[in-house]
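First chain written, first letter: the chains are A, B, C, D, E and F, and each begins at residue 1.
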Amino acid sequence: MFQDLSFSLEQGSALVVTGANGIGKSSLLRTLAGLVPLAEGTIRLEDGEPEKLPQEQAHYFGHQDAVKPALSVLENLDFWQSFAAPSVHESFSGSSLQPLAALETLGIGHTALLPAAYLSAGQKRRLSLARLLVTPRPVWLMDEPTSALDKASEQQLLGLMNDHLAAGGLIVTATHTELALNTINVLHLEAPDPADQVPEEALL
Amino acid sequence: MTGWAMALFRRDLRLSVRIGGSAIVGVLFFLAVVTVFPFGVGPDLNLLARIGPAILWIGALLATLLGLDRLFQADREDGTLDLMLMAGRPLELVVLIKCLAHWLSTGLPLVVAAPLFSVFLNLDPVAMAAVTATLLVGTPALTLIGAIGASLTVSLRRGGLLLAVLVVPLTVPILIFGVSSADAAIHDPVPFMTPFLILCALTLIAAVVGPIASAAALRFAAD
Amino acid sequence: MDLGPHAGFIIASYGLCLLTVLALIAWVRIDKANQERALKELADQGISRARPDQGRN
Amino acid sequence: MAFWDYANPTRFLKLVQVLLPWLVGLCVATFAIGLYMAFFTAPEDYQQGDTIRIMYIHVPSAWLCMMCYTVMSISSIGTLVWKHPLADVSAKSAAPIGAAFTFMALVTGSLWGKPMWGTYWEWDARMTSVLVLLIMYLGLMALWRTMDDPIKAGKAAAVLTLVGALNLPIIKFSVDWWNTLHQPASVVRLDGPTIHSSQLWPLLVMALAFTLLFFVLHLMAMRNEVLRRRVRALRMRAASVSRPATASASAQPAE
Amino acid sequence: MTGWAMALFRRDLRLSVRIGGSAIVGVLFFLAVVTVFPFGVGPDLNLLARIGPAILWIGALLATLLGLDRLFQADREDGTLDLMLMAGRPLELVVLIKCLAHWLSTGLPLVVAAPLFSVFLNLDPVAMAAVTATLLVGTPALTLIGAIGASLTVSLRRGGLLLAVLVVPLTVPILIFGVSSADAAIHDPVPFMTPFLILCALTLIAAVVGPIASAAALRFAAD
Amino acid sequence: MFQDLSFSLEQGSALVVTGANGIGKSSLLRTLAGLVPLAEGTIRLEDGEPEKLPQEQAHYFGHQDAVKPALSVLENLDFWQSFAAPSVHESFSGSSLQPLAALETLGIGHTALLPAAYLSAGQKRRLSLARLLVTPRPVWLMDEPTSALDKASEQQLLGLMNDHLAAGGLIVTATHTELALNTINVLHLEAPDPADQVPEEALL
């Protein structure tokens, strides 16, 4: 899918992936998350916990919210806190919040006891975001994190992302809008000139 | 069980209790299959008693397999499956725990209902106890084997029927030993324990093979 | 009182009926308690019916 | 006119509040009388002995399970034709009660059948159609549980209820036909001879008691259902109304 | 048929042929049910012949009902159902035509497969012919009644099992008369035509009630 | 759902419905399309065919494309042409195109024989739009018609809409963007003050 793509990212910095519709931003993130197998090449997290795979030290925040409507908001979050293995080590000083505190931070504390079915799309998204706050992991992979969020929540999200960077975390995010992050690198994906394309295996 | 396993188990149980339906619908389907038979075969109580264990087993088989289609599909559709793959927990264990919770919420009710339904089939108390015992041991195996089908069809919209078709051949040994140990208990001369122990062994094998195969299939389906 | 040779069946049927009725009553009571608790929780959050119906049919 | 006035949910709740204590009292009293008559004044049957006492709960619960389906069918017409909100509340809350009465009829029937016919279950026409009725009740309950929008669920269930109402006579008829084909008249039962008045009166009193019990439970279940919908609507409001509070939440994670 | 009806009919047939699977999976499920029985009941050929018609009927019943869940769901998910409601064509007829196309592509294969499968059940030629004839007349009724369940569960993700549970009680008369006319043909003394004609009448009733109820349910589910 | 909403629209004019997310624009269109039952009030199409319901004289162009991937593009369109009843009368002079011509007009003529599964999202949307051209109906109900279309197709769509208006048709459309239509009325939906809300029937 990708040709000649290689990049490395320093601790405490963010990589913003941009490019046209359908160019492969989401696919890149899913590859980093270990959800799409890598045809060639490697992903390495230096200075991480060596016995863990890179994706086990990363949070993926994609288009789907993984919110169960039948459970209450708090139950949803509690589950992810217990289920996702935390990953901490010396160079990443991020700490984690308690579920209720995370919900408060994201402004949906008042819904904690309601079934998640009653949340609006934006509220669901914030609940999904709270996952990243309750389990510390150094890498955040975020696919269009600001979609379905209004302006205020977007600001708040940027604040959280900057805090994560400040704590020594990494962020890779795909986006169509400008993000005001502190330490930022941009990776712009472009379709190669068709004449340039290596005939793919899949074309057979 | 460690914390995360317990959390997963509790979540899955809660979901199936709250979303409701699934257990009720499974038992109802079982009841429907059991009642439909006399309509077909005719109200001949002796004949019914003769084929009763088979009817109960086939009813339980179909109810289990057809109820499995949402085991992973629901989690895949809302993105939970992706996160589970990244959670850093052994996927085989995750599958095993999900199967356990699923069996508790839909398989166990079938086992509990079996003695009730066997009244309709004119089974005597010994036969009733034997069928229930074999179902208790055998239905977990059905769930575990069915999980393979569930993960193979996780990305398909029309799961139910296809899943059953894929998995039925794999469950034939369980069915055979289940029914034959029930039959053995009813007709004294044949020993009950031999087929029953084989059934137990099959369940143990299923508990190993099922989660491993199912986890592999889920990993491939992830992309 | 003597219920004859089939006393067991009579007692069993009355007993099971009693149990079923008790289960129904318990269901109704528990359900009511649940709904009222939910309403109270909402009221504590300041959410209640905005205005009583004013004869709007 | 009175009916339509009380068909407003709020007034309905008030009416239930007033009516319930009386109904409960009446129901308990009737049960006391009925049970006393069933066990102490009613004679034992010269054929069946004391097992005839099972009749005093078997027959009323059998009647009630059919009446309950009638109530649900009428309510379903109310849902589909007049679109009245209380109609599907009524249909929904009647289903579990109907299922319970059907269960009671089945259980008492089987327990009566064992001493009388020597078997708990016979695929007799009447018993079979009651069993099918039980499946229909349970199916309706499952349908209601799986759909989360009560309005939609109510309409779907109403369609199914009415189709079932059409179907029940057909089932009854076909089952009759089916059974007599294979087992002509092997079932001896007592419905031929008219019942003696010493047995009829306890039966009627018990039937009245069961009917009152049905109404008490139905009203209570309907009240719960109204409350449940209120909770649902309020929760929706709770989730959405306080949305503005979000903007003022602190932007710093409390570290 | 007028133009629009023909267009709808052709489209539905084309879709089920091209998407494929559905007919094959249905027949395979039928086969699975039929083969599972000998395993359950044991290899007693006389007994199998005795309950053969019932097994075939029950297999066909389950395969039909469980295959119906996508009848309207596919159209609802991509918005086609909304447009059909606005097309200005009588919805009852639309449902009837869709059922017809569905039966042709999934019910008819079952009927065709029945004589083949009855070999496994040791049925003699008369019984084979009788069962096939009753299935030919009876399965359309199953589809038409099942359509009611399909439209009731059109908005639910877990349609299959619930659909079967809702519809089975409604199909009891069809099953009874189907099996009893097949039995009548096998055991000479009883007349075959009486139950067979009743079965035909039931199919006609289903052709009226099914589409009407199903259209009503679809209208209510639209929003 | 709506309180005190009433509007009427003249022949040959367009109504653009605007408002915040979740305010009910889509619901309004679906109500007009007869897909959501009307709790109170009426919809009347004056001067239409009296024996037909309003929704049978309207096209609905919503978020879903009603395209069957297994059928070819032309088969998809042919079906809708035969299936949807046309609705013409004196005051609406709109004519209809043949399916192939409609596809050509929308620039997807070359895909006519391909299975619709091969179309991209934007092409599917244009195929769905072709439906409106092959069956004449005076009212067009369009929910965010420009979504997934690129600039050029958007211009073309506006041209088609203006043609429809010029032929005496009506258009009701919900949108977040500006539309350059000739005769335009705007209906802006706003959330009522919560204190003002009449308790809903649904609240029981």
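One rule holds in what follows: contacts are C-beta pairs under 8 Å (C-beta built on N, C-alpha and C of every residue); 3 or more make two chains touch, one makes a residue touch a chain.
Model, not experiment: these values are computed from the prediction.
The chains that touch both chain B and chain E are D. When the CA atoms of chain A are superposed on chain F, the rotation angle comes to 175 degrees, reported as a multiple of 5. Set against one another, C-D and B-D show the most C-beta pairs in contact at C-D. Chain centres here are Cα means. That of chain D falls 31 Å from that of chain E. With each centre defined as the average position of its C-alpha atoms, the distance from chain A to chain B rounds to 37 Å. Averaging Cα coordinates per chain places chain A and chain E 48 Å apart. Across the assembly, chain B contributes 19, 21, 25, 28, 32, 39, 42, 77 as residues in contact with two or more other chains. Shown for chain A are the residues in touch with two or more other chains, namely 110, 120.
For chain C, the set of residues touching two or more other chains reads 45, 49, 52-53. Of all the residues in chain D, the ones that touch chain A in their complex are 148, 235-236, 238-240, 242-243, 245-255. Within the complex formed with chain D, the chain E residues making contact are 148, 152-153, 155-156, 158, 162, 165-166, 168-170, 172-173, 176-177, 180, 190, 198, 202, 209, 213, 216-217, 220-221, 223.
Those residues of chain B whose C-beta lies close enough to touch chain E in the complex are 21-22, 25-26, 28-29, 32-33, 36-37, 39-42, 47, 50-51, 53-55, 57-58, 61-63, 66-67, 69-70, 74, 77, 157-158, 160-162, 164-165, 168-169, 172, 175-176, 179-180, 183.
Put simply, chain D touches chain B in their complex at residues 110, 119-124, 128, 131-132, 135, 138-139, 141-142, 145-146, 178-179, 182-183.
Considering their complex, residues 19-21, 24-25, 28, 31-32, 35, 38-39, 42-45, 119-120, 122 of chain B touch chain D.
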